[in-house]
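Labels run A, B, C and D following the written order; every chain starts at residue 1.
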Amino acid sequence: MNRAVLIGLILIALIVAGLGYYWYSSGKTGPNNATASRKVLVYAYEDSITGIDPSIEFDTGLVVLGLVYEPLIYYNPLQDKFIPALATSWEANENHTVWTFHLRRDAKFHDGTPVTSQAVKFSIMRALEYYEKTGEGPGYIWEDLVRIETPNNYTVRFIMDKPMRVDFLVSASYGSYIYSPRVLEESGVKSPLDEELLKWFNQGHEDGSGPYMIESYNPESMVKLVKFRDWWGWKIYDINKAPDVLIIKIVTDDVSQENGLIAGQIDIATTVPLQDISKLLKKGFSVLNTTTYHNYVLMFNTRRYPTNITEFRLAVAHAIPWDRVYREALLGYGRIDNSLIPYGFPGHLDNYTFTYNLTLAREYLEKAGLLGKDLRVEIMYEGTYSQEALFAQILKGSLAQLGITVELKPASWDQMAETGPTVWDNPDQAPHMIINDWWPTLPSPYDFLYSLLHSDSKEWNWAGYNNTLFNNLIDKAWDLEGSNYEEAMKLYVKAQNIVYEEAPAIGLWDEIKPYVYNPRHVAISGEAFNPLYMYVLFIGHLEVKG
Amino acid sequence: MTIEKSRMQKRIRGIKELFSRAWKRRPVFRAGVVIALTLLFMAILGPFIAPYPSEGWGIPPATSRGAQPPSPEHPFGTDAAGRDILSRILIGAGMALFQIAVVVSVSLAIGLLVGSVAAYYGGVMEKILNYFTETFMAFPAIIVALALNSLFGRGLMVVLLSLIITWWSWYARIAYVNARSTREMEYVLLAELSGLPRYRILFRHILPNISTPVIVQAITDTGSVLLEAASINFLGLGLPTDYPDWGVLVQNGFNYIYSYPWISLIPGAFILVAALGLSMLGDSLREEMDPRLRRRWRLWF
Amino acid sequence: MPVSLNYVVKRTVWALLVIIGVIVFSYIFLYLAPGDPAYIWAGRPRGVNATIAIMNARRELGLDKPLPVQILLFIKNVFTGNMGVSIEYKQPVSVIIWRGLTATLELLIIAYLIGVSLGVLLGIYSALKRNTRLDHGLQVLAITLANAPSFWLAIGLIVALAYLTGFTGYGRVDTRLAIATGFRPITGFYLLDSLIEGNIPVFIDVLLRILPPAIIVATYPLGLGIRMARALIAETLGEEYVKAAIAWGVKRRTVIWRYAFKGTIPSLTQVLGLAFAYSLVDAMIVEIVFGREGLGSLAYHIIGKSDFPLVIGLMITVTAFYIIVNTLADILQAMIDPRVRL
Amino acid sequence: MVLNSEPVVETRDLSIGYLDEYDRVWWVVIGVNLRINEGETYCIVGESGCGKSTLGNALIGILPPYAETRGIIRIMGEEIVRDDKHCYWKSRGRIVSYIPQNPGKALHPFMTIHVQFKHLYRARGLRLDDRGVAEKASRILELVGLDPDEVLDSYPHELSGGMQQRAAIAMAVSTGAKIIVADEPTSSLDANLRLQILKLLRKIKEELGITLIMITHDLVQASKNCERIGVMYAGRIVEEAPVKEIFRNPQHPYTQLLLETVPVLGVVKELKTIPGEPPRPGEYPPGCPFHPRCPFRIDKCSREEPVLRKINGKHYVSCWLR
């Protein structure tokens, strides 16, 4: 009887295998042969993807959005230069309130329809209206927009209510991507603000104009992109050098990314254990160190004892062994920078630095009458970032010498984003210190200064800092940017002086991102990454081999 | 009273005999005892014999040191922040034993009570309690820890609560099985006839009689509790990163496994040896109690 | 097979009841948590749109209705595969979990096949050679394997593999190879899929990659298998029916396998079924360490991310899975042991 | 039928002991000499714990692995045991078979009777298909009074105690062995069934020409079936004689006392019990093992152990008084 069962099982297995093989060989032969020589690039990304709605996503979805969609123009802050994308030329009126963009004639959406001014209007209005309706998403950058005019299919005109640098807005990393209005038909919704459209996008649908199309979208493990052959850019860049299939693999763990590199499964890694990079280089991998505007900031709770005391904050600032942080926590992959504005970014100044000086720190404490008191402070940081964790530990060891006990509170980003704003309502429950990290949406100092320290920015001003003088200075500067850029920059410096003296927040370091890649599979030039569009691969600047 | 006392004495004597017999005849038991005693020794004296106590508690040294491989100064090396791993392990032993002790004793208490009440009272109560037992047996501790973590964030309570929530049901099961046979005993019947209140019977006659097998099971389980707690801490669901818990120590080194493998591997080895020792202790006791496994044996047919 | 339909039905109904209990517990868990359940379910939203999200969550959970109705609604939703939308990924929880479940199950099944078969074989061998040096060695090995922290073993194995071979068994399948050969997962079990498609290179690749983590996951069932099989075989070898079979001249091999071993299968099944939950979680941890996709990585990503729907979904899935496996083990037990008929 | 003068089962100075967990040996069978002839029914009678089951197990070859043997066992003239050296492979099942004490436990609970028969036939080297097994087994099942159609596809737990014992007897017989050791074959059955099984044993013994060794604690049972009885006490055979001789002329005080405990049909008398407790296996007293309980004991009894002596014809006894 047992033997009969066994024979039965084998027969069933054979039948299943036979049928499967028949189905496979009859249905799939054509594409199978065609795929044999497809070029593949595997790009490991260090976080899971929170969503890919081109108008609403404001987080890690950027890595996909940047390949699938395009803005009108790109901005390269390192060279301070705009790069034409969907728009080839643009001009503004005298007082910078009306901006006209001329669209490329040969750009097409993935559904084959041409990119028109109506599409631009549709996309940007959706971002703005969605923000106005729900308060969510990056649409706030368009708050000063009065209306968008479309004089013809290939001209689009932005009317602003005050002088603005709209060229910075259309090149923003979020909220300015253009997609086809046909998404309404494709998803079957009536209104662009319908939540169903958001769901439709987040299921992995798209209709952008970028060089890649989404084939499959698993936000927890991988996104599979295929080349869009009708992309206008292939006239400039060699289509044959670009990968036919681009896989964005979600690998949150540093060691796993390293494993993937070693195993030949990952071609470009965004994060590997920093101390292993030299080993990887010896093994024949290459590294591309890129400047980023990713800035780490230590924010003090200015509404809770003892961090509400300026002298205490300054004492802490002088008690941090910066060289040790650089060597042990950053391992050289970062630039110690006590300014809130990252190096190379508009408005950055080099002279805001704190030096490691325990005597000075003691003096500050003494001045505030805090020396010798049994002080306990908490520091919250993102536990998964080893740099932040090591920094917090070094800080703990160093402050212990001043008689200050530091309690470490590692948290996830979500927990931090939830805890940080509690400083406004419930300062005694919020931690004394919290590490915030920020990267800009707009190429303006306002982006950093407003988000981190303006008292209207309740969500990100985790210091609870409320200084009317500072607020007025940066608001005024922002208003001036459109008309008098130099004057605006001067006001930003004034505002930064206040920050340096009161130290509600101190810049820790600007991240230097080492992209480790496998030179046997891919060659990358420095232009493949742009610090304004973090993690976005600019596909024309890399070449996939064999 | 005297009968109870003598019964108690007899039970204690029985356990003593069991221990001495196991000690005499089982090298595995001896190894387990040695490991368990060492663990206890480390847990009590750890903070005092640690060469760098402040580093053990998580404070990095004032001078820059970085990760160092094992050396005479630091027998197990130092971690990425330059803290002495030996000190952290020594202090962590107390943490490990504390977690085990709390989890096992609380779950034991709940399990004994639920199991014996279910068996003794019977009826609907039995059905309901058994249903609860069965339901809770299905939860893996780590998943419960994940849920607790998403509600309350990291902390010791997450480790303890998640383990207790998932562990008591196993003791309840054993207690229930044993209590059911005790329920039929004559002295229980006698006590019932004499009009003793039911809860008194439960505490006087049922609970003491079923405690021995459950306690032996509890001793066997200590190793598994240690492992589960370490897993929860390793995943970052439980204790925060600068606590000298062994699971956390392994996690701390995970990012450095290629460059500084000792940071992870040495504390992990301690988890293994401790869990092994505790399991050996329980297992050899259980085998010693089971006469079937005691005899000399060879394949004879 | 001698198992009554009645028993199967009874066992299944009981399992369903327990699964419902698990779902109810999960809901109570959410309900008892400090704060507004809708707020937690909506992923602790902030900002202007928070009220909208919380209102949506309130409607989804039916929080305006009395608690029993809420619970019934929740149970109905779970059974219809609607476990809410993940806050982190913005996709339905059931879809995400299903993708992870197949990956984890594949690893777990391979590991259990290796661990249980080898463990039981060694256990029987150990029982037959009882009290020899080999038996003692196997026993020490078994207890060590059963007590080794799998995450630590996995780290050790990765380091060793990297130093020795440079191959760390990363991922589930070679992406390049899968694309080059046109591999398209159908069921999500890559080994099965590659066989169905007749894609031998991918099959070999998947197998090679699954082996290192599977070996780690297999250590626990292996250790347990050795110990349980040894103890149970030792027990059945002392049974009357074995004695009688020997006295009637039944051959040694038949006595060991058809009489003694067969007698141990029900208990063995039960023990290994109970150990299954442990192994499932083990597989999830090992996945994390090896950087494989699956339930483990899924859980690891969302640690501390306030993605409560996904957490609850994971809890229900993993627990329900454990209950299903144990119910199957019980039914298998009844199929082998005709005396079990409740 | 040619009467073989050689006994089919012979033991010489057979002693069996068990090792405990500390490797000490506890002797439970001491210096037993048996001579059992072909076609004979020999009965070993004794209280529980006297070593009779151990002796039976030794003859079948299923002593547990922690047993030690001294002396010789010869079966069909062939030496199968000499001082702890066993060579049971050839004879087990084929030459000596076994009727178990508790048939409910002796049949594998997970296999139908049919499958169990199949394994037995396989063991004899018969390669039969399912139908062949059924046919062959049916003949024997009918012989033991079972309905093959009903029994063959049943699991043991579906049969009643009597049916189980019949099935077990059928299996014992189906091995083809000519010597069968029945270890308390009826102890788990009630009185009515007991007689049926005894009758059945007699019937198959006669029909198949089997040498039967019965082990029992029940003298009545012994008297019904046997030709010779060996009375066992504390690991030794203390008296051995044909049935009638034992009942008519018991010599050993133990036998005498044992007989007084037996109710005799139609005779009203007070039933007696033997004073004291039987010694625990392995903890036998020195000298004559029965002396602590013996009403006729003399000084010598506690000092020296008597040997089994022939007193007349086939009657042997070991007692200082005879």
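Just so it is clear, a contact is a pair of C-beta atoms (placed from the backbone, for glycine too) under 8 Å apart; a residue touches a chain by one contact, two chains touch by 3 or more.
Everything quoted here is computed from the prediction, not taken from an experiment.
Each chain gets a centre from its C-alpha atoms; the one nearest the centre of all protein C-alpha atoms is C. Looking at which of A-B and B-C shares more C-beta pairs in contact, the answer is the pair B-C.
Between the CA-based centres of chain A and chain B the separation comes to 45 Å, rounded to the whole angstrom. Separation between the centroids of chain A and chain D, computed from CA atoms only, is 89 Å. Work out the mean CA point of chain B and of chain C, and you get 23 Å between them.
Centre-to-centre separation of chain B and chain D, using mean CA positions: 52 Å. Chain A has residues 255, 383, 411, 415 in contact with two or more other chains.
Counting partner chains per residue, chain C has residues 158, 162, 238, 246, 288, 300, 303-306 touching two or more of them. The multi-chain contact residues of chain B, meaning those touching 2 or more other chains, are 153-154, 236, 254, 257-258, 296-299, 301. Residue ranges of chain C in contact with chain A, taken from their complex: 44, 46-49, 52, 88-91, 96, 99-100, 158, 162, 166-171, 174-176, 179-182, 184, 195-198, 288, 290-291, 293, 297-298, 300-301, 303-306. The touching residues of chain B, when paired with chain C in their complex, are 28, 131-132, 134-136, 138-144, 146-147, 149-151, 153-154, 223-224, 227, 230-231, 234-237, 247, 250, 254, 257-258, 261, 264-265, 268-269, 271-272, 275-276, 279-280, 283, 292-293, 296-299, 301. Residues 54, 58-62, 64, 66-67, 80-82, 153-154, 236, 240-242, 254-260 of chain B touch chain A in their complex.
By the touch rule above, chain A contacts chain C in their complex via residues 16-17, 20-21, 24-25, 28, 31-32, 35-36, 38, 40, 42, 48-51, 134-136, 198-199, 202-203, 218-222, 245, 247, 249-253, 255-257, 259-260, 262-265, 383, 411-415, 417-418, 421, 459. Those residues of chain A lying in contact with chain B across their complex are 254-255, 258, 273, 275-276, 279, 321, 324, 327-328, 383, 386, 389-390, 393-394, 396-398, 400-401, 408-411, 415.
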